[in-house]
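I am attaching a structure below and will ask some questions about it afterwards.
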Amino acid sequence: MLDAIAEVREELHALHRSLVDNALVSWTSGNVSARVAPDLMLIKPSGVPYDELRPEDLVLCDLSGAAVAGTLRPSSDAASHGYVYRALPEVHGVVHTHSAYATAWAAHGEPIPCVLTAMADEFGGEIPVGPLAPIGGDAIGRGIVETLHGHRSPAVLMRNHGVFAIGDSPRAAVKAAVMCEDVARTVHLARQLGESVALAPQTVDALHARYRNDYGQEEA
Amino acid sequence: MLDAIAEVREELHALHRSLVDNALVSWTSGNVSARVAPDLMLIKPSGVPYDELRPEDLVLCDLSGAAVAGTLRPSSDAASHGYVYRALPEVHGVVHTHSAYATAWAAHGEPIPCVLTAMADEFGGEIPVGPLAPIGGDAIGRGIVETLHGHRSPAVLMRNHGVFAIGDSPRAAVKAAVMCEDVARTVHLARQLGESVALAPQTVDALHARYRNDYGQEEA
Amino acid sequence: MLDAIAEVREELHALHRSLVDNALVSWTSGNVSARVAPDLMLIKPSGVPYDELRPEDLVLCDLSGAAVAGTLRPSSDAASHGYVYRALPEVHGVVHTHSAYATAWAAHGEPIPCVLTAMADEFGGEIPVGPLAPIGGDAIGRGIVETLHGHRSPAVLMRNHGVFAIGDSPRAAVKAAVMCEDVARTVHLARQLGESVALAPQTVDALHARYRNDYGQEEA
Amino acid sequence: MLDAIAEVREELHALHRSLVDNALVSWTSGNVSARVAPDLMLIKPSGVPYDELRPEDLVLCDLSGAAVAGTLRPSSDAASHGYVYRALPEVHGVVHTHSAYATAWAAHGEPIPCVLTAMADEFGGEIPVGPLAPIGGDAIGRGIVETLHGHRSPAVLMRNHGVFAIGDSPRAAVKAAVMCEDVARTVHLARQLGESVALAPQTVDALHARYRNDYGQEEA
């Protein structure tokens, strides 16, 4: 298992880099985690700038968010990530960002309406808004899980706070965070032009099903 | 012909890179194709990230959008590109993006009005809006061709979806996609200041004719 | 003189690069010129992409805008640049861009109001709007010169078109173009929040005088 | 002490680079200073472009803003920085920028309301607006100090001008400037969607206390 964890350290390190490359984060404000065992995760250390972060700095934690190895303190969002892994066994990656357009929707407290085929593809409908909850305990994790229940979206806008995105791999979670900001921006720009007609539910369903089944390459 | 196709693979690979460099795409969301024979095209494989894309990965397809060589699945937009090549023999390049400002106009469903001399130059008038159509079949291709008919614009905003741009070469199509986003952004910004006066039709005609005839270098 | 011109070619080449680096241009849409003799200028060739432009490609022209050496066709804005040099002997650099925020003000046809100390510094007041004029002849040049007369601004917004900026060197003209887009953006963003109070004329005068006299390093 | 100052020169040089990398400045428009002794500071020379700035160019000044060594003229904001160091002994770094979104709020003259958990964390409430004051004397420095008094924010929006940010190190001041622009942008984008509910004072207090105490790594 140690070799496998070393590999995930490299991948998570690269994914933190891609948060920067996709302009989702400022200074030290976002983080990615990966489930590396049923009850263990790796997550960014708290307050470490992206350009100083090394693979070995990622903190191995249990799913309460407590470090189980090393000397670095984990992200203050560790308990929230851990709650998601506890509640949703199929999730293997969680991302948190304050990306600007998505966080603007979160501050305003309005779900991003599904007015784009790319949203139907990736999110299967609107991107919902979860509650404002204190940082550091279970409340954010519970808010994420309860809000995503009943939606197909892998991303949620936590009110007055930012984005959490999940996936069956850390890379899938990062993709969801990138696409969340992309559609948050496009729909924000569309809103400034006036109203947009939302896609009909059956159109959303058809697009989402096609995307899930026919997009990308067959698994090897 | 194989050598010629190898050269186009290199060019298409570089043009996909320029979609990224011009900030027209997120993750895997855009694609470029090139006609390489009267009834054959090369197009991006489905779901492959730009930084992993290699020239040899581009998929050779017939104009129904079906792969005729290799093991990678073509872009889910292949049938739409193919329809355009079938209907418009002079077209040798097609580009599809979800670039943010242009897609915002598409979501709102409003043509971009011709209020800039650069739009008159490049588009010869407004950039029109085409129908919302299901992804994967002929409907998008037909919508593109029917909407562009009667316009001088090489770009069309497909409603709730994104941009398709065409050209007599893949590079010309990419240029049209880049300029479409550029003017979509500028006119969006102008709209936020209040109304702009559209150029008079004879002004548009004069600018477009000059641009077609006197701009750039003589062909060797 | 040939050596001096070779040096200006290198400088102009670098300045075209800085238009790209400062995000003022898309594709081939902007240009910089330099006066290299009382009645000669160097200017970008028409339609050449920035990443293919070489110092030796810059076209030596008389002030009617006609090439006097080489085989490349000069920018279609050459006559406009030339008019400015003819009318304003102290000008040694001219820049033209379609930078997005400034061009949005130009499309809307409203001068950028002087609500920032940085505008008072650099522009000594508002950035004025000039007429819509056909591309290729004297009309744009005349519009630039007539509009700047009576303003301290080295930049002008040509209606429905874009920015022209002038300076006593090509570098100073590029600086004016960069600062024009910078303040066009900031004032646009401020406008979306509501009204801003314009600086009082005596405040503008004091800031402008200080900036002209006390800013930067003493000339060697 | 000379060795220590040489180290700070390197750090300040890198921090000026980070103003560019974080898109906070155009041309020569921002500056960072560091207190290097109770009554001495290092600051950017006036009007030097960032890509030409060398560590040895940073100007050693007393806290009136007058150079005490070297031949370069200090930033025209040196007296303002010096005033802050004189009034606030715990401050060891000061940053000034015209970053676009924050300066838009400054032009409009409205504090940035605390509608984001990240604002509560970093700023402990709203980011306040200080007076319009002439550049070059004590007035700006006095405006900064008086406005920050009674706020927990390390950043202030100087009306019609731009941002000043302070910190117990130059790096902390740069962080405050980066986060100021980040939240200025997000709250601006939120405003365009409609109103946002401000965080309750006790929520702000709890977030701020947690961030001050539990965020980042323990000091070694």
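Just so it is clear, A, B, C and D label the chains in written order, and each chain counts residues from 1 on its own.
Assume a contact is a pair of C-beta atoms (placed from the backbone, for glycine too) under 8 Å apart; a residue touches a chain by one contact, two chains touch by 3 or more.
Here's who's who by UniProt: A, B, C, D = L-ribulose-5-phosphate 4-epimerase.
Here the structure is a predicted model, which means the values were calculated and not measured.
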item: Turning angle required so that subunit A lies on subunit B, C-alpha fit (0 to 180°, nearest 5); value: 90
item: Same-site or different-site touching of subunit B by its copy subunit C, using the half cut; value: different
item: Rounded Å distance between subunit A and subunit D, as computed from the means of their C-alpha atoms; value: 31
item: Distance from the mean Cα position of subunit D to that of subunit B, given in whole angstrom; value: 44
item: Multi-chain contact sites of subunit D, meaning residues that touch two or more partners; value: 192
item: Touching pairs among all chains present in the structure; value: A-B, A-D, B-C, C-D
item: Contact footprint of subunit D on subunit C as seen in their complex; value: 22, 115-118, 175, 178-179, 182, 185-187, 189-190, 192-197, 199, 203, 206-207, 210, 214-218
item: Complex contacts: residues of subunit C adjacent to subunit B; value: 26-27, 29, 45-48, 72-73, 76, 98, 100-101, 103-105, 107-110, 132, 134-136, 160-162, 188, 191-192
